Amino acid sequence: MSSKSPRRSIGDLSEGTLGLLMLLPAILLLCLIVVYPVGRLMYISLFDWRMSLPNAVPAFVGLEHYIYALTDDPKFWDAVYNTVLITIITVPGALVVGLGLALVANLPFKHRWPTRLALLLPWALPLVFAGLIFRWFFNYDYGLVNDILQRLGFGKVLWGTDPNLAFFTICLVIIWKSSSFMAMILLAGLQTIPRNLYEAAKVDGATSWQCFWKITLPMLIPSMVVALVFRTITAIQTFDIPYAMTGGGPGGTTETLAMYIHKTTIDFLDFGYGSALAMLMFLVSLGATTIYLRIIQGDKE
Amino acid sequence: MGSVSIRKVVKSYGAVPVIHGVDLEIREGEFVVFVGPSGCGKSTLLRMIAGLETITGGEIAIDGKVVNDLPPRARDIAMVFQDYALYPHLSVRENMGFGLKLRGTPAPEIEARVGDAARILKIDHLLDRKPRQLSGGQRQRVAMGRAIVRKPKVFLFDEPLSNLDALLRSEVRTEIKKLHQHLKSTIIFVTHDQVEAMTLADRIVVLKGGHIDQVGPPDTIYNAPATQFVAGFTGSPPMNFLPAELTDTHIRFENGQSLAIPDQRRPRGLPSGSRVVFGIRPEHVSRADGAAQLDMPVTLLEPLGSDTLAFLSVGEREIVGRFVPELAPRPGETARISIDMRKYHLFDQDHGRAVGSLDG
Amino acid sequence: MLRRTVTTGLAAAALAAPLVLGALPAAAQQTTLRVFIGGQQRPDVMRPLMDLFQQQNPGVRVEIEVGGATSEAQQQYLTTVLTSRDPAIDVMLIDVVRPAQFAAAGWAEPLDAYLGGTDRATVLRRYLPGYAEAVVVDNKLMSLPAFADAMFLYYRTDLLQKYGLQPPRTWEETVSHARRIMAGENNPNLQGLNFQGAPIEGTNCTFLIPFWQLGGNLVGANNRVTVNNDAGRGAFQFWLDAMRTHRVSPANSAEVRTDDTRLQFQNGNVAFAVLWAYGWNLFQSEQSQVRGKVGVVPLPTFQGRQSATCIGGWQWAVSAFSRNKPDAAKLVQFLASGVASKHLAINASNLPVLPDLYRDPDVLRTNPWFEAALPVVITARSRPVSPRYPEVSEIIRTNVNGVIAGTKTPQAALTEMESRLQRVLR
Amino acid sequence: MSAAPAAVATHGEAEIKINRLWLFAAGAAVVVNGMFPALWVLLTSLKTEGELTRVPISYLPQDPTFQNYLTAFAAQPLARFFFNSVVVAGLSTVLTLLVSAFAAYAIARLRIRWKNVILSAIVAVSMFPLISLMVPLFQTMRALGLLNTYLALILPYVVLNLPVCILILVSFFSAIPRDLENAAMIDGCTRLGALFRVVLPLTAPGVFTAGIISFVNAWDEFLLALSFTSSMQMRTLPVGITLYQGEFAFPWPIISAALIVAIVPIAVVIVIFQERVVSGLTAGGVKG
């Protein structure tokens, strides 16, 4: 068959060139939407730039904002404390709950869509409204939770007044919301576990419980790590749910770092300090991800 | 149409060279087999012909036209992959017609050519199945069918039989040979299996470490290996090697035993006292009476049915002989063994090159 | 008579405007003004005003942009727009606590130059004093008043009647009335006195009102913050007593947001409620359980003290980045006029910023209680004026919320407030 | 490669003896956990505001009414919000898939330098909280003249979803044998042709998963949508829904009705494609 020597096209470029071309849209978009704004933010963070000062002329202050935040700002450390606490409670919490959900959803139901829908719906519910709906549930007078408690003969509980309870409800809601995505990824992981592993184990006389510990869990580790990375990043950025549920109360005990940044930048118009706080938060996320990536890579070797 | 010229072809990944200047002319209609151990560069060379790997230096021409910068689709070649690489989402029919469709061949013609190829390969009843519904052998046929329908200048086979079980392998091997006789097209076939190479090839190209060790028809490769490596790669079991020293009349082994060299088989150009590697194939180790006989302890027997292999000690070394079962020595005994000194080979101890240009 | 004509004319204009606009080919050199208002500010009620303005000013088109529904959401949106010096918005409706901030940031165009020769004092004389004061920052006119708001004491006329009580004038009375009613009703769901303690803007007023009434003054002589004093302690003690000692205020007061109070009262679960003006319309709505059983009085004070309340409300400002400032200033003046104020009072129950409208029969027909509201809005005090008001507000509300929730002692809260406020307000 | 092994695995579990009752109870627990807030919103949307604040609270609407839905559509251009959300989420999903498929293919397949560095950078970049980037982002959008256009939302949403989608697609692409593409290229495809004709069809479950993740994320986003659009005609559902509330008042029944309008399409999409959402993640085995 005689070839009519096909036109050279973009698809025939060398791998390196083609690779760069293919990465280009992503890189350009990232530069436009993230890198450039982050660069600006980093720049601003070195200035005392407060819109609230009359005729503000940004003055260069170097790392002063960072130093102030790290050494002198109790609100920063409170917010960091709350954020870290939320992260270390809700990330493992969501993992455990998500695993439970995934295990159940993986059971052989006749109709699978009700469990699957239930699994995914919390994830699909907009964050803002999830917060508002749960604020309603935990409302002292008209809330579902207190109503049920009363019907069961317990008294009504001041969910939003006691700082510990308020913190608890926020964590509960975050776990509820985020276990959904977690479960989705874990369910996918569960389904990749080869069936013959279980059969082999059963031949060896393993109980279901042992199967779970010796096969299911170890095989799920890769999925878990992926889920944990994304979950941790979003946990560090927790904003909507406490913002909608408690607004940071009572007495600022549920204010997260993202809320503090938002408040500083948008409410107080202190762009310099707000930018510095945002940079610090970015560094925290970066640290967390680096640790995870290390774990993943260590795993591979 | 269908000749392939490979001239001074070099391939390196970064600073690591993997093909060191290979020269090869493949004639139209020839069945050439690249053989060699894994990592020898045979697949890389094949993929460079296909255009799947870039060429670092030198040039490759198909039908006289340099294709270095042509993408695979412009080279008019077809390839059968080790894992068949059938498109899982397409039916057998679509798999086979895929290339023709991309080239804008009219549908009726595609249908006709796919039908022809399927009949040749006896897979016409499978045309509407998906690859996952086929057995390994069937997939292999579909992969060949996909190559055939294209009627390319050159067929490239990349270890296409290695995923088949032994029985199927020899069956398909025969079919490929028949197919070649039928199509009369140029085929370049990569394998690490010397039996495949021997049975299929018009010419065998033995590669080692990115070099061609020897090119030649199977009997030349077998009977006149150019290197110790080629000699050790062909035949089953492979040629026996024993380090030795050359004297005027004898070949003396490390344990002091020696064999007389017949006059007509005296090595040329090698001074007495040269250190060489003596090579002899197992079938030339026998119990027939002859001039060259050695006493060797028998360590182990491997009966194969038609033959029996005996492992024999020469000092610290061991060689294998192939015997008619009734004449096989018994393990434990020290047997008197004849070496057919018309068939021995000598190799350079340092480079493994055949030396002494023996008359044959 | 004249006034009624105005309103009717407005309605007619509203109906006619789309027709007129539709009939005209796009006029040459047309200016488009974009007005930003919040979702809660009744775009449907605002639109006829804009149509009337368009009619009076051919060549000017007014578009309404609706932003987030809360003051915070609007601020968030305006911050992004104005920080970027975006000219997309010409006129904006801003919360009464914001002018100082807008002036400092250079976001609002001073209006002095656009008054058409009238001197500022003359213009402002027409308005309620608190509002006239709030629009001037650093001797510049930053905005014009749109409508007023203030906190009132709502009460249940039926319950007071049942127990033969008069509307209270003092907090002491309010508490004792509430206790009497709660004891008499013996309904576990009935609250005596409901107020807001959640970390929201309104909670500042929860503290400032009793604080002011007890003689407190946030910023004293020499710009010193004076909050850690008897007035501060007294203000906190009052609410804590109401909750814990007298048990007339609910235990979850630290969670109560503005609309929670409204809902509770509307459902007949509250005898007395401290709430903004907007409650009235809803209490009289068909869904309300207390329709026709609601009274409003100025907030009580402590025995022998001056009354005081917090003012709220909204103002019209021109964006400093507008490309149509003269037209925008003209629109703002129109929107701050008596015609507009009356329209808003009648159709949206917004408290007027012009005192004579509180006696206007058309206004009083729909809002009979406005008459009683006048003294309140005249004496209402504004929250501290500062370009850093958001920080001031955050400091106060977080601490008040902490005290009401019981996570902080009044003393600790006052100490923190004083030191942090001092830093912000110095 | 296909969903088939998933089904096998599930039935394999069946061999572990499970009491039917426990099975039902576990399923019911998951269903209740996932659905009750949405269910409550649905019930609320059928109640009047008066019923909502009754003590003790009522569970089922005593006098169900669709009035809230009518009000929701009458009070705000809900249909328009819906349309905008469909456009923004739909277009951003398509664009995300295209951009991330290219990037993922380059990372998974092509011999390019700094591959891991690029991948790590893309993930790292995603860690920047968008909340804090609002002001500089707004300036960028203004400079590009994109404010109050669909593009002002679509571009950031694409970036928001890129990391997850790239990671998912990389793992899927890596699972496709290279020789499949080689075969396609020998058969006559360009490299890009092989991507579209062979790789993408084969990784459909992964593409689908990435698609639904980015669709849902775009459908739900609030902060950027609030700040980068200004006219009512450009508002998306989450922002539009908040417009029902007043400065003080929060009309739950009407908001609930609007929320149901926003949730139902997502739920329908999930039910229709539930098999793929999960098996999509399965096939490539999100293994980092």
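In this document, chain identifiers A, B, C and D correspond to the written order of the chains, with residue numbering beginning at 1 in each.
FYI, contacts are C-beta pairs under 8 Å (C-beta built on N, C-alpha and C of every residue); 3 or more make two chains touch, one makes a residue touch a chain.
Only a predicted model underlies this, so the values are computations on that prediction, with no experimental measurement involved.
Peer 1: Among all the other chains, which ones are in touch with both chain A and chain C?
Peer 2: Under the touch definition, chain A and chain C have D as mutual neighbours.
Peer 1: Can you tell me the least number of steps between chain B and chain C, where a step is a move to a chain it touches?
Peer 2: When the steps are counted carefully, the minimum from chain B to chain C is 2.
Peer 1: What is the chain whose Cα centroid lies farthest from the Cα centroid of chain D?
Peer 2: Farthest from chain D by mean C-alpha position: B.
Peer 1: For chain A and chain D, let me know how many angstrom lie between their CA-based centres, rounded off.
Peer 2: Computed from C-alpha means, the inter-chain centre distance equals 15 Å.
Peer 1: Determine the centre-to-centre distance between chain A and chain B, using the mean Cα coordinates as centres, and give it in whole Å.
Peer 2: Result: the chain centres lie 57 Å from each other.
Peer 1: Roughly how many whole angstrom separate the Cα centroids of chain C and chain D?
Peer 2: 39
Peer 1: Listing for chain D: what residues touch at least two other chains?
Peer 2: 53, 55, 134-135, 139, 188-190, 193, 242
Peer 1: Where in chain C do residues touch two or more of the other chains?
Peer 2: 76, 79, 83, 189, 263-264, 269
Peer 1: Going by the touch rule set out above, which residues of chain B reach two or more other chains?
Peer 2: Each of 71, 73, 150 in chain B touches at least two other chains.
Peer 1: Where on chain D does chain A make contact in their complex?
Peer 2: 5-6, 8-16, 18, 23, 26-27, 29-35, 37-38, 40-41, 52-53, 55-57, 98-100, 102-103, 105-107, 110-113, 118, 120, 122-129, 131-137, 139-140, 155-156, 158-159, 162, 164, 166-167, 188-193, 216, 219-220, 222, 238, 241-242, 252, 259, 262-263, 266-267, 270-271, 274-275, 277-282, 285-288
Peer 1: Once bound in the complex, which stretches of chain C touch chain D?
Peer 2: 34, 36, 38-41, 63, 65-71, 73, 76-77, 79-81, 83-84, 86, 88-89, 189, 258-259, 262-264, 266-267, 269, 276, 278, 282, 287-289
Peer 1: Spell out the part of chain B that touches chain D in their complex, as residue ranges.
Peer 2: It comes out as residues 47, 50-52, 71-73, 77-79, 81-83, 85-89, 98-99, 102-103, 132, 146, 150.
Peer 1: Could you please specify the touching residues of chain D with respect to chain C in the complex?
Peer 2: 48-50, 53-55, 134-135, 138-139, 142, 147-148, 226-228, 230-232, 239, 242-250
Peer 1: For a test of understanding, state which residues of chain C touch chain A in their complex under the given definition.
Peer 2: By the definition above, chain C touches chain A via 72, 75-76, 79, 83, 101, 103-107, 138, 189, 198-200, 250-255, 260, 263-264, 269, 387-388, 390-391, 394, 398-399, 401-408.
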